[in-house]
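Here it is: the structure, laid out below.
Should a chain be cited, it is by its letter among A, B, C and D, assigned in written order, with residues numbered from 1 in that chain.
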Amino acid sequence: MMAECVEEEETSVYVTGCEAAARAVIIAKPSVVAAYPITPQTEIVEKLSLFIGEGRHDCQFIAVESEHSALSACIGAASCGARTFTATSSHGLLYMAEMLYWAAIARLPIVMANANRALASGWNIWADHIDSLSQRDAGWIQFYTSTVQEVYDTILIAFRVAENEGVMLPVMVNLDGFLLTHINQPLRLVDETLYQEEFLDEINVPHALNLDSPHTLGTLISPSDNYRVQHDRKLGMERAKDVIKEAERDFLRLFGREYHPVMEYRSDDAEVLLLGMGTLAKEAEDAVDMMRFRGIKAGLLRLRQIRPFPDDEIIDAISRSPAEKLVIIDRDYSPGSGGILSQEVKTRLYDAGIVKEIVNVIAGVGGQDVSAEDMMEMVELERGEHWWGI
Amino acid sequence: MSADKFKDRHGFWTNTIAREEYILKGNSSCPGCTAMIALRHIFKAAGPDTFVLVGACCAVVCEGVYPNTCMALPTLDTAFACTAAMASGVRAAVTDRGINVIAIAGDGGTVDIGIQALSGAIERNTDFLYVCYDNEAYGNTGMQRSGSTPFGASTTTTPFGKKEDKKDIAAIVGAHNIPYMATACPSYPMDLERKVKRALSIEGPKFLHVLTPCPPGWRISADKGVEVGRLAVRSCSFFLYEMENRELFMSKPSIDAMKNPIPLRDYLSVQGRFSRMSEEDMKLAQEKVNANIAYYREVCGI
Amino acid sequence: MGDIIEIRFHSRGGQGGATAAKILGMAAFFDGKYSTSLSVYGAERRGAALISGTRISDTEIRRYSSIKSPDYVVILDPVLVEISDVTEGTNEDTIFLMNNGGECPLVLEDYILYSVDATSISLDLGLKVAGMPVLNTPMLGALARLGIVKQSSLKRAIRKIYADTRNIRASEMAYERVVKVQNRRSILEESEELEEEAYERLEEAV
Amino acid sequence: MKVKMAISYPTVGASGRTGDWRVFRPVINQKLCIHCYNCYVFCPEGTISPELGVDYEYCKGCGICANECPSKAIRMVKEE
């Protein structure tokens, strides 16, 4: 019986998306974590305070009084060269909005987990991509994940991307509220030593404040200089494209799990392509298999990042498949304009001179329950915008 | 203190003022800005091992334009609402007790938009000194009323005089049971420096409320800022005191003033912003001051 | 795609329905299977009806949408039969497991129904949280008896989640005490069986 | 550093030659000076040195020094 009391070192566990996120953060060893609770992100903060409290990792946990302050504290710490992490969701993200832009323009490699959730009025705590997509122009690199494993792996990758000397931009890792935050799935853990020694270098914020040679960050800036700074941020975002791919390659080499900016599923010979992000796009794999079983050659493209937008990868994947019809599922909506993801994709298609029949399905908004069976019906829809289930 | 001292020949300014200037000359402050006098002495008292945060306020404009700054200390400019929160972040990254973290913000950034972050940072026991320099309005945007604008003062958003009282930020901060808190005025620079040094010697959150007359905003001439600051203290419109562990110690200039205060009118009438104040309001304002004097007499047993 | 076993739990806030889904999923994970478990909160309030669920499969599960046609329905609190639609999306093969003394509610007359008195088991063991008897671990013990997960894996999962070892005992007791409930369906099945037996006997006799 | 940052470095005259803003210039009469250092202490700009020299390059001419001088040793003189 004694043997049972001794926990063998685990290589895989069964946890929620929130716990996976917290476990990844601890491995990356930030020195400052500042966060404020909000459903459905709260468990990340709770687990982190537990891990830090248990002494698993020496880190300062700042329990701030608002999300605005959470990101502000991270900005303060990162400006002094510290590795920082925060997490939020929905209204919290929008409350942070001012500082989101601030962090990106100040070129601070902060990593944040955002639990995608709808916005009030009419309190809704369920999955919706509008919170993060409303902030897509803030200058943050934005990943969208679809399994508990992917949440964990992507946060591990995020620190390396953010801190790359040519990138120096904050990274937001999005996970669908409840569908990923609260779901339990098996999670394979990485070898912490291998990660720390082979994958992630010591943080170096080249513009961090120091006493030896004092400087000021954030003084007034003239229009022409501001323009240059914004242009340089654009260059950082462009460099991030390659840095992400390189990090994903190294991750595969060291830890055996494969990620790409665009995850293709049976798309090479597809006659109809589904396209989406997050858990909806993961469930779409089931839809593709079922359609194939019925003789419909379906395929799927799942976007893992919307900023920087993987232009080349998406054009390459679409032009490689014979599909004439593209069904883009948006778990978001820009009133007066349309599905945001669909607009993003259409822009790239136009630039590449590709004409497809585009079906834009607004589905899963506000946590609407959408299944693989529903997606099988979506491919029957005609060109244009459709609100699923209305 | 690594700064080398200079000796005065009359022993009036004893050799406690550091010679180093941490705000370099040639910055954008208005001529006669008393906030700059205050900041100058605060940094002299703090010394070179100091990280500074400057919220959105006049001081951030005074720093100058990229790629230059007048600040000779490592300085982080912050957004309006979050100065104290960013200071918590800086302190989390700079854990060495030998290094000071000083956050600077104006009255608007402290008593209005920044009060939540300030309250949070104090409650979290952030080891830093928060300085609110109070020019009693939003000076940067051209003198609009703030929560700190006094009764009767006309601003661009209270063109006929403010009807409400000045928010007592020091009392609000005091209610957090903060280890050290003080009020000061650059018209009494040695008192100010002493309070900064005392504050920095204590671990935990510290708060300094500094009244800084603003020549353009208060409509006084550029050479009168220091003098008007003195009138504020002598009329007991503004009290200089320290509070340590909930015990209040009135400072010497205010003790003297409380014994024999000058009429409030002497302080208000020299400022253009009170020129529209009615006789009735003037009387009311004096009554409010009298009540304050009575209150502090009771508290300090003077 | 693989075959997925879907289990739906009906409980009320504070009874541990969400944790039940997690423990069951973890037990399946210990069995070497892939599983996901999700609680669908109404509101995180004590007493409010809530649904949680577990999916178990030999291969990766890519489903996130709600469980629409459960293979098993577990009812932690008998009251829920009255106040929520426990039969939603079920079919004639759906197996029900209910916490009660072995009687059959009207709506479940035509289903395969098992029962265990989880409330009594917990009360006997003094197993209470915030004054309420713990219902999830005994119900899971009963569920293990129905063969969804190995009992050893279940006990390992319970140990991971709860420090109180009485939870293991509760699951063991429920494992022993779960019974098939006599209802219209079972009587019909039984009579069909009897008829068949009689027919067989008749054939033998002839 | 690969990335260009908006870093501002400490500079005397970060906002230019602020002495040009001046309308009146302070002139210290050393004979009347009692070395109280009020002018040094109260100067918002730090343009009066402890040796009581005025840096006219950056002095904005606010006149606080003259106003605070107890011996009237500082006169504000109109700039030519």
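By definition in this document, a contact is a pair of C-beta atoms (placed from the backbone, for glycine too) under 8 Å apart; a residue touches a chain by one contact, two chains touch by 3 or more.
Everything numeric here is computed off the predicted structure, so don't read it as measured data.
Counting C-beta pairs in contact across A-C and across B-D gives the higher total for B-D.
Put simply, the C-alpha centre of chain A and that of chain C have 36 angstrom between them. Averaging Cα coordinates per chain places chain B and chain C 67 Å apart.
Averaged C-alpha coordinates put the centre of chain B at 22 Å from the centre of chain D. Between the CA-based centres of chain C and chain D the separation comes to 84 Å, rounded to the whole angstrom. Residue positions of chain D touching 2 or more other chains, listed in rising order: 6-10.
In chain B, the residues that reach two or more other chains under the touch definition are 63-69, 71-72. Pairwise, the chains that make contact are A-B, A-C, A-D, B-D. Within the complex formed with chain A, the chain B residues making contact are 48-49, 51, 53, 60-61, 63-69, 71-79, 81-82, 84-95, 99, 116-117, 119-120, 123-124.
Residues 6, 8-10, 12-13, 17, 19, 21, 23-29, 31-34, 36-37, 40-41, 63-72, 186, 189, 215, 221-227 of chain B touch chain D in their complex. Only residues 1-10 of chain D touch chain A when the two sit together in their complex. Remark: chain A residues 105-107, 165-168, 206-207, 214-219, 221, 225, 228-229, 232, 236 touch chain D in the complex. Those residues of chain D that touch chain B in the shared complex are 6-18, 21-22, 34-37, 40-47, 50, 55, 57-58, 60-64, 66-68, 76.
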